[in-house]
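Take a look at these structures.
Next come two complexes built around chain A: one with chain B, the other with chain C.
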Partner chain A sequence: MGCHILATHSSFINMILLKRKKPLAILLFAAVVCLYACSKKGADPDPTPETDAKAANRKEMLVNIADNIVIPAYGKFKVKLDAMVAKSTAFTATPTTATLTDFRAAWVDAYVEWQKVELFDFGPGQTEAIRSYFNIYPANETSIATYITTGAAANLDVPAAYPAQGFPALDYLLNGVGGNDAAIVAFYTTGGDATKRIDYLKRITQRMNTIFTKVNTDWSTYRATFISKTGVDAGSSTSVMANSYILNFERYIRSGKFGIPSGAMMNGVVAANKVEAFYKKDISATLAKAATQATIDFFNGKGVTSGIEGPSFKTYLISLGNTALVTTINNQFTAINGKLVTLPENLYNQVNTNNQTMIDTYTEYQKAVKMLKVDMTSAISITISYTDNDGD
Partner chain B sequence: MKYSHLPGKLAMAALLALSIASCKKDKQEEPAKPSIRAAVDATKLTNTTDYKATFVVNGTTATTVDFTTGNQRYRMFQAINAYAGTATTVTIDANVLKNMFSNTGSPFTGTYVDLNTAPVQLKSVVASSKTAIEAAAARTKIEGDFTSMAAISLANGATASAGVAGKLGTRLVDGRGIEYAQIIQKSLIGALQIDYIGNVLLNTGLNADNYTLVSGKNYTQLEQNWDEAYALLTPSAIYLAGSTDAVRGTTEFALGSYVWEYNKANYANIYLAFLKGRAAIVNNDKVELKKQATFIRTQLELAVAKAAVGYLEKWGTRTTDADRAHDIGEGGGFLYSLRYLALLGGDATFSDSLISGLLTTTANGGIWDITPAKIATASTAIKAKFAL
Partner chain C sequence: MTETKEIGDRAFGNSYLQKLTHAAPLAVFRIAIGIMLLLSIIRFWLNGWIDTLYIKPLYYFPFYGFEFIKPLGSYTYMLFFVCGAAAFMVALGWFYRIAITLLFLSFTYIELIDKSTYLNHYYFMSLVLLMMVFLPANNYFSVDAHRNKKILSGYTPQWCIDAIKLMVFILYFFAGIAKINSDWLLHALPLKIWLPARNDMPVIGPLFNYRWIFFAFSWFGCLYDLTIVFLLWNKTTRLWAYIAVVIFHGLTAILFPIGMFPYVMIVTALIFFSPDIHQRIIALLNKIIKAPDIFINNKAAFTYGKVTNKVLLTGFAIFFSVQLLLPFRYLLYKDELFWTEQGYRFSWRVMLMEKAGYAQFNVRGNNGKNIIVNNNDFLTPLQEKMMSTQPDMMLQYAHILRDYYSKHGVTAPQVYVDSYVALNGRMGKPLVNQHTDLAKEQESFKPKTWILPFNDEIKGF
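Showing the complex of A and B:
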């Protein structure tokens, strides 16, 4: 510490040496400076000096993630969401089995594309709570019925309304309100509440459009903030992004798609009806695969348009000397994909007929969670902030 | 001392005048009297230096450090917290909580029974840096929380929902979803710990006498004020010894725990700051003393501000009403405590506006009306106010 301080102040001392010829005074002054610096050191130390190279590497990572992943991925999602909104408009204007089929197909496309952006729960996505409004499942049929009856007065902003809107509510409303397409169309064309049902469908679709548009638009201004916060403190982009990335992987992929329906988690009970896309059923595995691949590509910095890998968690870890960890994580991702390809589309059936394969898949995810949540965060010196540490 | 002739007196006066003049010139605050302690070399203090053994009566190993009253108040806070916590399974009595608060009527039992005879209480020091009106309001608010806590304990067999008190998972809440056990603890972190440690003991408390011993004690009042501040923060011999960012190394409660959790940048520097400040007291170095006090106060306050934001942001990551209610219980108490962040510029107006913006007051409102937008508004306001 002493040498460091002397070195820090040496140029200043040299400057004095040139002007004065009083060795004792100089020594005393140097000692005072040194003592002051020493005493200051303990209580409010300078931040650990970090090479500019590390911050520069993080900045490159943030720029690549913003420009080649988040912004273009939102752009791709916008195309699919716009198409879904258009098909919703067509269906609600003229509910027929044909317009229903179109709407449903557009909903599937948008839902798959959504899996590739759900992980961006930082910046505008977090502020607008887009995941909470887009993909909390299972849908709550009772709430949906109540909100349909209540109409425009129903407050869809509160957590109680999360499972009554977004893709899961559309899953129910497009696939679950009748035994076949004719019955589903009849839900919107006959009976006293038909108009209210149409109105609710319009409302939740428009609402998705409004929320997403805000997130997408805000990224154009948030980008500058995002790439400027190059530290590793709790408010830095690297920390916020890594926290939300790992939380998404842990809670919304591992637990949401596999752990909860299979009952694999601690004190878990098997709950096949909690799979994603419970009413459509035959797209559950596709959704899980899309979300998982997006997670893997994000880790490796793969541009969503170019398909080319750029600065990322992977390159940043390697720059810090963690090549082996990168290999371990990517191997684990491969192991997860190895499980996913063996699963049929209908995960509801899979839970009921061969749940062990669901539990085995969960187990592979869990191994990756540990690598990301413990090993990666430790290697890049960020703290997980989304858990309770105080235990009360 | 007796001066026998005039030239001597004149010489002394001249020396004194010269000394004062040079003080002014150098902008140093030299003690008017010599220290009663042998100097402590602050540069030799480290994160592992023993607090009590370092500060001793001259020429002996008898410590001048006494953590008794600080630890007593700390344990009274723990006792209130523990008793309130039993409300999830048993009916509790608000008067017991109030008596613990004012240390009247021998309310303490079990491991806390010794506190019944302690010469201190919490109520009189809560919010004591504030105006009499504001201090009274704070004490009334805390006692009101005790009443609410006892009232919801009657509903610990019910399941809570909007407008209905009871349990959400393991959390006991009122009809507005307010988890009073958390509100009480987090409000006292501000009203008791931040206010009494930071705004009193390490602030106005630094003006206390440092040249005479308190009757029957080994310490001066200034020394005791500093040590009491430490002992109201932590019962640990070395605060957060052996802690890493991932694992806390000592058993801490309330503020002491949250400093570790929410001030990762500086939790490891607080113990040394206490030692350096204590050495500055021994050395009568007011400048250094103020510097260390300011450092400690700032870091404690930052932890509270960051905890408020932290719980609001956790709310957005939750998947159950029980977890969301818990975050608002913790966060709501921290929002209240923001008013005690005197150095960072917190005040009651700001604190109250955040709470009223977040929590509606209707019987079935409260947490049930919270939206992500309201959370974002509060969180953004706190970050801006305290430059987080």
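Showing the complex of A and C:
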């Protein structure tokens, strides 16, 4: 390392050996020059590149994820959310079974599409805490009733209000407030609180629109920041993204959709009423499948519109020499899908009648969680703590 | 007890143990260590780590045998203040004996509170401070010597300085020996994993796209650790060795989140320079305080009293024997050290492995309770990260859970762990037997039979 430096700066060395003054300063200077010179050598590496050298490129991965996954996925979700807002406006203007059916169908579409963007809990999505306002379930019937009565004065920003808004609250308000469609429409047309109920529906729908619009618009400016933080230290895009991606998979897919309702977690207490879309019931498996497929596609870098795989966790891992790990993870994803296809649409029924299949599905998710959380993060060398560390 | 003599020559007496040398290196070392520790404390404080590491956590992981060390709550700030103030007083050489004792005790206390914050260089610091409690580091260029001319002495026993050098030798040499293993040398692990993560750094980043670089860094690192102290000790190679120290630690400071360690080592290595160099550093410092010549060019020599000398030499001999043996205690345990970590700490194994883990605990009670524990409810992210890969911490955590749940509605809780650990890029697998009730297992120096076999081999030390 830096042999020519030895010759160049030998005069300094002589000065020290000859016991001139200020030896320390000179020593320090020589060291800094040497360090600088040595690092400078890296600027034009002349050795022949290894086969995989250029591919370990996090910037490419971030660009692909921003441009071909996050931004277009939000674009697709916007279409469905806009449609839902329009149907909400139609229903709240004239509540009939027809407008209810339309609203509900638009809600299902948007809810399914939401599953494909919920995992982007980084950048503006994280800043706005969009998941907390969009999909915390089971819905809280009591607080929804209270907020309806309180009206506009109710503060929906607080954590206590999370389960009283978003898709789960709409699930309750569109499917759970009456035994049939006529009864549900009556909920909004008869009785002293009818107007207040309409107002609440309007309010939470508008609110979803406002929050999402903010996230969606902010991404156009956040993109530049996102692709520029190319490190793997805490706070870098790769680190933040991987952490939230895994958290989403572990807590919001594995636990939320399977672990908690089946009782595989939570004291072994089976809680069928905690399935996603508990009031609509017959879409809970669709939602789980959509969320899982989005997770798989994200890992493989599949473009949301193009369907073509690009730079991703997968390619990055391969570039670091982890081809076997990538195969193992994708095989595990396939195993999860293998369980999911056997499940009927109505997971509430499934928990009550054949809960073992739910627990088995959870177990397959659990295996994938370990691979992502331990093997993948270790291979990418992601930092999770800000404190010093001398290597475990 | 001690005596100071007027001497004309450095060579006083015949045997090595009676040899005298100039006291300047010891004084410079005292000042440097005092300042480095003061800076460390300030840095720690400003980063808010006193709160996040020693006040915020709900539970702690004390070391086996040191369970009496308890966190002090908000008084922890006081502890750090004492530590910082003592460090400053040590630098000044002001009430040195009290200050260095306080510094050793407070610093070591802090480090013993929680295993998750264990760092080898903190351990090194504690050992050096312990030695310094007994060394005459305040007899030259100190406030003490200024106030009390009786202790002022420009010469000191040679072994007092060599003891510190020996400690530095142990740190580096054992760190070097630990690198002689197949993962490090033949597979360039874990640098092969860590360095590509820094390939976006300016200037040197692009280097980390080349596989040979990982091997070059691994081999150089190993060779450096094994030889650096010899090269520093030898007069003809000393300067180049010191430049290597600056480059090596400078690089590690840029590449890895290892805090003050590189700077502490860069400063510590100055101890190997000749007394002349240190005298010139002292002369430089004296330009600020402008003490009289007699204070700087003092011919008195410090020697310990006969009995004290004997006791101290015996003490140091025992100390170093322990230091030489401790890193090899892992040989008493079967299976791979990196996997079981039985005998891993206090052995100068630094930056040796990339280990990540996942541990999900399950508490079951006789009354049918069955709880999957959310680790976030009990541990900080750092604690969870450390616990997930280290069996002894898993055991401690299992006991924390046992005690918590027996007070919260679970009768006779049994604690099981579903663990999954990846070591140096190997595919992850369970570390602990998931059928072992950890609530019933006890910590001891005996091999932990509930650690599952590694079923692989890392050859070497």
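Keep this in mind: the second predicted complex is superposed on the first by the 325 of 392 C-alpha atoms of A that agree within 3 Å, B and C clash if a C-alpha of one lies under 4 Å from a C-alpha of the other, contacts with A are read in each partner's own complex, and residues count from 1 in each chain.
Just so we're on the same page, a residue touches a chain if its C-beta (ideal position, glycine included) is under 8 Å from a C-beta of that chain, and two chains touch if they have at least 3 such contacts.
In this text, all values refer to a predicted model and were calculated from it rather than measured experimentally.
After superposition on the shared chain, chain A has more residues touched by C, the comparison being chain B against chain C. In the superposed model, A:S132 makes contact with chain B only, not with chain C.
Of the two partner chains placed around the shared chain by superposition, chain B is the only one that A:L247 touches, whereas chain C remains out of contact. In the overlay built on the shared chain, the residue A:G235 is in contact with chain B alone; chain C does not reach it.
In the superposition on chain A, A:P159 makes contact with chain B only, not with chain C. In the superposition on chain A, A:K370 contacts chain C only, with no contact to chain B.
Legend: residue contacts after superposition of the two complexes on their common chain; A:N273 is shown touching neither chain B nor chain C.
In the superposition on chain A, A:A379 makes contact with chain C only, while chain B stays out of contact range.
Chain A residues 35, 38-39, 42-43, 45, 47, 233, 378, 383, 385-386, 388-390, 392 lie at the interface with chain B in one structure and with chain C in the other. Those residues of chain A lying in contact with chain C across their complex are 1-2, 6, 13, 16-17, 19, 21-24, 27-28, 30-31, 34-35, 38-40, 42-43, 45, 47, 49-50, 52-54, 56, 58-59, 230-233, 259, 264-268, 320-322, 324-325, 328, 369-371, 373-375, 377-381, 383-392. Remark: chain A residues 35, 38-39, 42-45, 47, 126-129, 132, 136, 155, 157-160, 233-235, 247, 251, 378, 383, 385-386, 388-390, 392 touch chain B in the complex. Those residues of chain B lying in contact with chain A across their complex are 42-43, 45, 162, 182, 185, 245-246, 248, 257-258, 261, 264-266, 269, 272-273, 276, 288, 291-292, 295, 306, 310, 313-314, 316-317, 319, 321, 324, 368-373, 376, 388.
Against chain A, the residues of chain C that register as touching in their complex are 47, 49, 52-53, 117, 119-121, 190, 192-194, 196-200, 203-207, 209-212, 220, 239-240, 242-243, 246-247, 250-251, 256-261, 276-277, 280-281, 284, 350-358, 369-372, 381-382, 385-386, 389-390, 420-422, 425, 427-428.
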